[in-house]
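Note that chain A is present in both complexes that follow, paired respectively with chain B and with chain C.
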Partner chain A sequence: MFDYTFQWKQALARLPKMLDGAVVTMEVAVLSMLLGIALAILLTLFRQSGSRPLKAIATTWVEIARNTPALFQIYMAHFGIASFGIHFSPFTSLLIGITFNNAGYLAENFRGALKAIPDTQTRAGRSLGMTPVQSFRYIVMPQMLRISFLPMTNQMVWAILMTSLGVTVGMNMDLYGVTQDLNALTFRTFELFAIAGVIFYVITKIITLGARLIAMRLFRY
Partner chain B sequence: MNKFTLPAALLAVTAVAGTAAQADKLDDVISSGKLRCAVVLDFPPMGMRDENNEPIGFDVDYCNDLAAALGVEAEIVETPFPERIPALMSGRVDVGVASTSDTLERAKTVGFTVPYFAFEMAVTANDETGIDSFEAMKGHTVGAVAGTYEAIALEEFVNEWGEGSTFRPYQTQADVFLALSQGQLDATVSTSTVAQANVKSGNFEGISVVGTAPFDIDYVGLFAKRDEYGFLNYLDLFVNQQVRTGRYEELYEKWIGGDVPSLSVPGVYR
Partner chain C sequence: MFDTALSANDLIFLAKGAGITIVVTAISVAIGTVLGILFGVIRVQLGAVLSAPLTFVLDIFRSVPLLIQLVLANAFVGMVLQLQVSGFFVACLVLSLYTSAYCAEIVRGGIDAVPATTRRAARSLGMSWGQDMRYIVLPLATRVALPSWIGLALGVMKDSALVYVVQVTELLKSTQILITRLQEPMFLLLICGAFYFIISFPLARFGGYLEKRWSND
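Presenting the complex of A and B:
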């Protein structure tokens, strides 16, 4: 029982606006990924450190990030933090929410990667006269990032898709937000969301293919 | 009578019946014994839920009246604003009783009845901002519920005002008023009924209704599939009868109160 006449012309006329939205979506995803990786390395170091408070911070972060919906995390970044009188724009709230999520998941990926690197690597570094920090930075971390490279691209794809949750915090510049705005205006729901779906698909496909090319180049043995 | 005559005759009868009885939506509703209405339940007092989580409100009553007129049972299907059209097009609902503004742009997609309700738009502001009128919103961060008439109109104004003014759409009316009372939004435009209901509710502190918005009167119609003339025709007459019999006034008094807005535009037929 689906009778609906598709009017692609009406929807395609709005394509430039949607592509502008796609650029914003990419911006959010890339920024959240860069910040997320930096924070995840920090969290990994916290977990490696002997300090209990630092460990507790890292564990809490990872637990919340992995075991609550991304929607909740983004909503809290906007409405939750605002109840303490701190106001973030929708863009910032979305960025904080996704970064929080990314950092949590990536920290867990890094932990798995660290487990795959034998202790002997660190010991070899130490016996060459490196400090613990140096052996982590020059021996362990490069291997850790290499092992978790594909999970990282996975998280990047997630970051792209998670931007669609921005509409809950008033985001209307990203691809999903723009699509929803246009939908309200025209009621051409199916055409607009079909186009948005294709754009999302193309973006994530480019990212996964790009990542594979980079991996081929970076990880030649 | 040979043994082929009876089946052949039956076939002929079904063939004739098949071509003659093109059941349209109106027939479908009557024969199914059920009328499924898309109603937005996040839009007091048009649609909301009572303490027992049962849907109530002007639109809910209106759907029940319509079902009673058709002699069928009403089923309220909760649909958030952005999901009204998908719900209709995928056949999950028969009619939208969802306070839907009858813009020309939208009428290219769905069929609207004559207006069954009319809204006036009110400006609600956070008390700390000192906004006291619609014009005073210029240069501030304002917002409304995504996908509504007032959101579309307000965004146009914000674009015109230019630098300094920001527009933010939120998903629900509750989120808009939460953001407003938190100070994330300085002011909002909503239907005056919603504004009054939310300010009175006491759920949101530090906000008050400060004026009206200079938008055209927001007439809302019932909607159904564009090509279901028989059904749309029935709905038009139903809206007319609701006014004629005084039921519209009665429902208005029950849920909103005050002067009943006129549903006709002077000087033109519809």
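Presenting the complex of A and C:
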């Protein structure tokens, strides 16, 4: 039964390649997070606005992002949009899919955070002669981002884990894609994916610990 | 777009995929919840230091992509242990543990939300630990934990889309098979998405409603 011999050396020899993949994974995650935050703020504004069509767009986006699998969203970005004759590279499709997902979840977090900020804050800003845009930009938004800092950290971890789905649309530069290709070459499935798992674990730990340190620094008061 | 080659048989094929998605989710959530409650209670009872090993193991399930967990489990069972088990079994096994890791966190949060004074009051009244858990902690913790648990169950339903890597043909994989054959990606994906949405959306709304209804303010 237990006649399987682990070949860790063979797998570890590929570590540099996998670390290169990890860099791509981080790139996708960070980009999708930055774009996601920007879009989520936009969606939050849409939801706050009085305009019905804008509200409808934002609500549809958020509900689809939250109620369908991330893998489905990435498929949609790659194969779905392709049926309109627009072909994205796997990298772009993955980025679009994850950004769409991030924006939806973050918009929901932001909405919760907005509820915790009293209306009087906006009114005070307006009384001081700020325009509505200024009072949102300088009074409400910083508080909103501060309250939703922890959910944003979680979403960042999710974004990193979601990059592994890129392989389904042919992405082969990220950590999972690289591991998959190496697996096809060497057939050391267990060893290679175990190492990839460890790398993912370390990355997410660095992110959560880093976020905690930043939070301590930022939110001293 | 309405001129489609989709036949009734294909729809049945999709429905079967959807059935697999639901069955995998139901089994994993059921087992995962039982394990999660167990792990959650153990973590609270033992305290942070003693339960550190458990916390570490559960943390792995939350920090490594599910895709890698599935591939690893499949490789371990198939290549290392050389057991002949179905992909369905591996999928349920991994998803159950994955669920239990998140569920333990929810349970811990729920128990922590019960004020220590309330529990001490129960013990002062002569209740045993079991009675305290059963009559004081359970009802109060459920109020906090149930909405998150619904979110978790839906999350597992969505994550079950990844079990295709262990050769389980669930909804999204069935859709992909049909896409390969019919070459109508947009239409088929919309059907697939609609299905996920129909299951997830009402339950998510219900969870949101409970959260609002049961919150203290």
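By definition in this document, the second predicted complex is superposed on the first by the 218 of 221 C-alpha atoms of A that agree within 3 Å, B and C clash if a C-alpha of one lies under 4 Å from a C-alpha of the other, contacts with A are read in each partner's own complex, and residues count from 1 in each chain.
As a working rule, a contact is a pair of C-beta atoms (placed from the backbone, for glycine too) under 8 Å apart; a residue touches a chain by one contact, two chains touch by 3 or more.
The structure displayed is predicted, hence computed values, not measured ones.
Q: Aligned on chain A, chain B and chain C: do they clash or fit?
A: In the arrangement built by aligning on chain A, the partners chain C and chain B clash.
Q: In the overlaid three-chain picture, which partner chain does A:142 touch, first (chain B) or second (chain C), both, or neither?
A: neither
Q: For A:112, select first, second, both or neither according to whether it touches chain B, chain C, the two together, or no partner.
A: Neither partner.
Q: Just to be sure I read the superposition right, which of the two partners does A:210 touch: chain B = first, chain C = second, or both, or neither?
A: neither
Q: May I ask you to decide whether A:181 touches chain B, chain C, both, or neither, giving the answer as first, second, both or neither?
A: After superposing on A, A:181 lies in contact with chain B but is clear of chain C.
Q: Scan A:164 for contacts with chain B and chain C and give back first, second, both or neither.
A: second
Q: Based on the superposed arrangement, let me know which partner A:197 touches: chain B (first), chain C (second), both, or neither?
A: Once the two structures are laid over each other on A, A:197 reaches chain C alone.
Q: Applying the touch criterion given at the start, work out whether A:172 contacts chain B, chain C, both or neither, answering first, second, both or neither.
A: Only chain B is touched by A:172; chain C is not.
Q: Could you let me know whether more residues of chain A are touched by chain B or by chain C?
A: Between chain B and chain C, C touches the greater number of residues in chain A.
Q: Would you check which partner chain A:66 touches, where first means chain B only, second means chain C only, and both and neither mean what they say?
A: Only chain C is touched by A:66; chain B is not.
Q: If we overlay the two complexes on their shared chain A, which of chain B and chain C does A:80 touch? Say first, second, both or neither.
A: second
Q: Going by the clash criterion at the top, which of the stretches 81-89, 117-125, 189-197 or 207-215 from chain C hits chain B after superposition?
A: Given the superposition on chain A, chain C and chain B clash at 81-89.
Q: What part of chain A is shared between its chain B contacts and its chain C contacts?
A: 1-4, 79, 82-83, 167, 189-190
Q: Hey, which residues of chain C end up touching chain A in the complex?
A: Touching chain A from chain C are residues 60, 63-69, 71-72, 75-76, 79-82, 154, 158-159, 161-162, 172, 176, 179, 184-186, 189-190, 192-193, 196-197, 200-201, 204.
Q: Using the touch definition from the top, list the residues of chain B that touch chain A in their complex.
A: 81-82, 85-86, 89-91, 105-106, 108-110, 143, 146-148, 151-152, 155, 167-171, 175, 178-179, 182-184, 225
Q: Can you name the residues of chain A that touch chain C in the complex?
A: 1-4, 63-64, 66-72, 75-76, 79-80, 82-84, 157, 161-165, 167, 176, 189-190, 193-194, 196-197, 200-201, 204-205
Q: Okay, in this complex, where on chain A does chain B touch?
A: Touch residues, chain A against chain B: 1-4, 7, 10, 78-79, 82-83, 85, 87, 90, 167-170, 172, 177, 180-181, 183-190.
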